[in-house]
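Notes follow the structure.
We just call them A, B, C and D in the order they show up, numbering each chain from 1.
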Amino acid sequence: MTDRKKDHIDLAFRSQIEQTLLDDRFYYEPFIDSHPQDELKPFTFLGKELRTPIWVSSMTGGTQLAGKINKNLAKACAEFGMGMGLGSCRSLLDSDEHLKDFDVRHIIGADLPLYANLGICQLEELIASKELQKLIDMVGKLEADGLIIHVNPMQEWLQPEGDRILRSPIESIKELLRSVDFPIIVKEVGQGFGPESLKQLLRLPLQAIEFAAFGGTNFAKIEMLRNPDAQVQLFEPLAKIGHSAEQMLNWTNEIVESNKHIKCKEIIISGGIHSFIDGYYLTEKSKLPAIYGQASQLLKYARESYEDLQKYLHTQVEGLKISKTYLKVK
Amino acid sequence: MTDRKKDHIDLAFRSQIEQTLLDDRFYYEPFIDSHPQDELKPFTFLGKELRTPIWVSSMTGGTQLAGKINKNLAKACAEFGMGMGLGSCRSLLDSDEHLKDFDVRHIIGADLPLYANLGICQLEELIASKELQKLIDMVGKLEADGLIIHVNPMQEWLQPEGDRILRSPIESIKELLRSVDFPIIVKEVGQGFGPESLKQLLRLPLQAIEFAAFGGTNFAKIEMLRNPDAQVQLFEPLAKIGHSAEQMLNWTNEIVESNKHIKCKEIIISGGIHSFIDGYYLTEKSKLPAIYGQASQLLKYARESYEDLQKYLHTQVEGLKISKTYLKVK
Amino acid sequence: MTDRKKDHIDLAFRSQIEQTLLDDRFYYEPFIDSHPQDELKPFTFLGKELRTPIWVSSMTGGTQLAGKINKNLAKACAEFGMGMGLGSCRSLLDSDEHLKDFDVRHIIGADLPLYANLGICQLEELIASKELQKLIDMVGKLEADGLIIHVNPMQEWLQPEGDRILRSPIESIKELLRSVDFPIIVKEVGQGFGPESLKQLLRLPLQAIEFAAFGGTNFAKIEMLRNPDAQVQLFEPLAKIGHSAEQMLNWTNEIVESNKHIKCKEIIISGGIHSFIDGYYLTEKSKLPAIYGQASQLLKYARESYEDLQKYLHTQVEGLKISKTYLKVK
Amino acid sequence: MTDRKKDHIDLAFRSQIEQTLLDDRFYYEPFIDSHPQDELKPFTFLGKELRTPIWVSSMTGGTQLAGKINKNLAKACAEFGMGMGLGSCRSLLDSDEHLKDFDVRHIIGADLPLYANLGICQLEELIASKELQKLIDMVGKLEADGLIIHVNPMQEWLQPEGDRILRSPIESIKELLRSVDFPIIVKEVGQGFGPESLKQLLRLPLQAIEFAAFGGTNFAKIEMLRNPDAQVQLFEPLAKIGHSAEQMLNWTNEIVESNKHIKCKEIIISGGIHSFIDGYYLTEKSKLPAIYGQASQLLKYARESYEDLQKYLHTQVEGLKISKTYLKVK
């Protein structure tokens, strides 16, 4: 103890903290409760029982590295009781060549949610060519619980090889909902979306909406980094368009409170969630049942090793426990 | 696709975007519409049919480089269906020496708007000397559709060789309107102007007002850069005076909505329009028919080559199309 | 005087001050009063007479350096008429080995307040093991006037060797209040606390609450600096949680004004008090009798020499006198 | 003209101006009026006729350099039709040794205001010792129109050799007003003063109040620069206390409008007036007749040569003329 105290004298001078850094989203109440003594309470989400309110928003697909990453992520889901959305499964529609990279049901186990993922352009094409059975087969061979449809008009537009969306995405999604009997989740890819899109989506019988809000991985920005060509750079203003997770949550709460015809059941809040404290804040504020999703944060550790990912997730769970005990959302 | 996906894993870490960069002037609605499949819709402006809502605010005159720039700009107008305002045509009043640099009607063609341009001091002198016919002749030999009068008291004041404005500009403009039968556009030169000037101009039977607002090329600043002399630097506060395009637009909308005697037909929003997204935002907000103007942005490319200018304008048109489809002004 | 004036001409150019630096918490009224001609007026606080409204918030304990620091601080209390809270006295519960480092009653003298200090975990353990007499004995052998209980859930949580708080701190404090007859002060350790904690504490028959608000020494940050380990860094968001002294003071004033059942008598405003001017501002605004506390500021000088500490405190007293004369809190 | 135009093309790229630099205190109205064609209109202030609304707030005294500076400043007053306040004339109370440095009546001429200057401590001492005749004699030998009393409690407090103010300054000033029959101006020395001081001063039969507001030369800061000693640095918070000229002007306007017993006739707005545009803005907003004062700006040029000072003042007059013509205070 003597040494620790001596440390403190020196460290005290280096630990003066600027008031401007204060995170003022919470009341800190250290006098009311004891330290958390139990694990996080299990809860039902996406129809299964989760133990940790984090959603794995995978972004990978079709490479050997993707296989390693997906396996690490699925293993973490099993250990921590989380659900997982795969990256784009487009390559699996017509071939099983990359199936092994996505095939993680045996790792995550039967009791946790696993969702396949497809872009709106592919969905549109399958509808147009009356080949939705391909999509159903893909979900089947992945033993997925359902399917995520990602909508990415800016990203496709900015890709030299990008596809074109020829119908209203909401109409394609409606048609999908009429054609399949597994649950559907809808997301954008990093810019979020506005109140009109939110309202129309919330009225559909979706399992969940994922925000993928502005502030996290920005796919329009990715296209700009991939294309140093001057013309693509001129589209940079498009990469600054979007809505933050908090803004989207406020709209969602308003829509849910003022509208009787909400059929969407749950939301996954993602996009710029840097740590447990952001996730805790946003899920606490949600009027619909909510968990929070992370993509690049998890990818970063999953790419290194399972142990790194495991340690990261352990801190997040501990952080959530202490947040729930001492922090009250303002 | 494998490579593209691998790229994505690395790029994802570099494309995390700061929430503070968010451009919050729009709602982004990616779920409602398909990708734009048609060209921009033609519309009537300045009495002719345009295909692109961009106004070429030329600033050059009287040099060989000016000839090349003007020709490139006129060629782009023809290709993209835009209108063009020439730089100051003062030198053409008394001599045809520089006429070839401004003579672009044969390039732009008969169906697009082309405007000559003269400063308020020259207009004043021609009125005083009862030589307005010179001005009419100049418009005639340029085969211009009309004339822009630019008003630049700060710039003239700061020039060692500057002219002096001896009458109220609004009075000179009124006299011009009584004396000629071609359309007149009025603009400042980079600082914009306040609500009283706007109100008085909007009541005149002008074809259009161009804002030339604070935020773009600042002619008072130009004079300071040209005169390193310490005394001129002391006038720097004058270069910070002015009004932004958005502020001017708000005033214009208020005046138009509360006033029955508005005779000015259209507005050209310019000054600090960095890209299609600013232009889209401001023209969408305007209560009067509006296009947006750019000067140095276009000059930069026109000076290099026609191909550079063409590529730039192509991106702007594409940007406008995607903006119209997915962005709703708040 | 000639030289001084010459100095002024040069210094005038270096002393132009930015308006953005203006401290706008006060009205400066130089015309109403004369320079302060008397010493600060003595007043009763913690049941004894103080001459200076500064509380020495010691943070040290258990090292030879701690002995020197505590002695310097106690000597300063005697000279300037201030009260002192010792650092954690945990080591004295079971052994007198370090008693000499804390034993400062003979230095501070009988007429000024001296408080022992213990963490909530130790209090909880003593209650659980029915050994509160140890705590009473510790206060006795220090000849302290009372005891400070510090509550530090974040700090303990972040320490690898940290203790766990198993009961509501407020319940342990209530039990302590029922069990001892000396006065009790309660504080956090650098992040402050929210309105619910404040309200519950203000209803207890405490001698005082010390804020230890966000902005000063941050013990969660200390733990992060002590543990370069990546996992601990992931808890950084917790170090940004808290409340400033001004925010806590506003809540306290509101609670005191709207509540009849306030039994806590006084407050010690600490955490981010950089100088006399902050202390003057906050104590002037308080509805409860208040002094202000400093920790690392005093430690910095006390560690060097008594003369350094003495000079520092002299300036603070002079600053308080001139503040009282010329500054009116807005 | 060809060359000038060519210049413009290059300069246009360097003169793009950031919208954040916009000075939004004015409406810029370039269409209503012609360029200014007359000189500034003479007006009565301090009982004499001025041609330029700038007050020379001298700060020098008692050195050979001071003599040169004062002579240059007085010469400029004569040329531009301005008034001048001398720096502290304390040294002249008991000796004529430095009189030649202050003796500028023959330079400024009989028709422009010239004011002597004395600190509140000296006034207090003269009152206490019943030697006010010394002060009257000093004003007489300088052939000054009146006397400025400067009040500087912070500055004196921070000087090792500083005097102590033993009475309320307002009482000493009242006594002075009863004892002399020349006009009195009162000022602080660089921090300005609050509404209570303003209100009490405005009720006195003063010729004028000079603001000497926060934002210009800060005498508390000067003392800190002169005393590198650590203790003096600890008083730095006092150098950040004060009020801006705009804030003081707003209070003055409010007091003048709501109070029938205002006897002070005029105000001199000084402290942080960087150029004609600030001076124009503030004097335009004043409800009492007002001119604006500058100290270090003028000193800087006066120290170099009369030509530098002359050129500077010429730009300020031109700037005022163009401001009056084109800028309307919001």
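Heads up, the rule we're going with is that a contact is a pair of C-beta atoms (placed from the backbone, for glycine too) under 8 Å apart; a residue touches a chain by one contact, two chains touch by 3 or more.
In UniProt terms the chains read A, B, C, D = Type 2 isopentenyl-diphosphate Delta-isomerase.
Just so we're clear, the structure is a prediction, and the values are computed from it rather than from any experiment.
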{"item": "Cα superposition angle of subunit C on its copy subunit D, in degrees to the nearest 5", "value": "90"}
{"item": "CA centroid of subunit B to CA centroid of subunit D, Å", "value": "44"}
{"item": "Distance from subunit D to subunit A - Cα centre to Cα centre, in angstrom", "value": "62"}
{"item": "Contacts with two or more other chains, residues of subunit A listed in rising order", "value": "none"}
{"item": "Touch-based graph of the chains, sorted into line, ring, star, complete or other", "value": "ring"}
{"item": "Pairwise chain contacts, counting only pairs that touch as defined", "value": "A-B, A-C, B-D, C-D"}
{"item": "Residue ranges of subunit D touching subunit C (in the complex, touch as defined)", "value": "59-63, 65-66, 69, 87-88, 90-91, 151-154, 156-157, 164-170, 173, 186, 188, 190-197, 200-201, 214-219, 221-222, 225-226, 230-231, 234-235, 237-244, 272, 295-296, 299-300, 303"}
{"item": "Subunit A partner contacts - residues on subunit B that touch it in the complex", "value": "1-2, 4-9, 11-19, 21-23, 26-35, 37, 274-278, 311-312, 314-316, 318-319, 322, 325-328"}
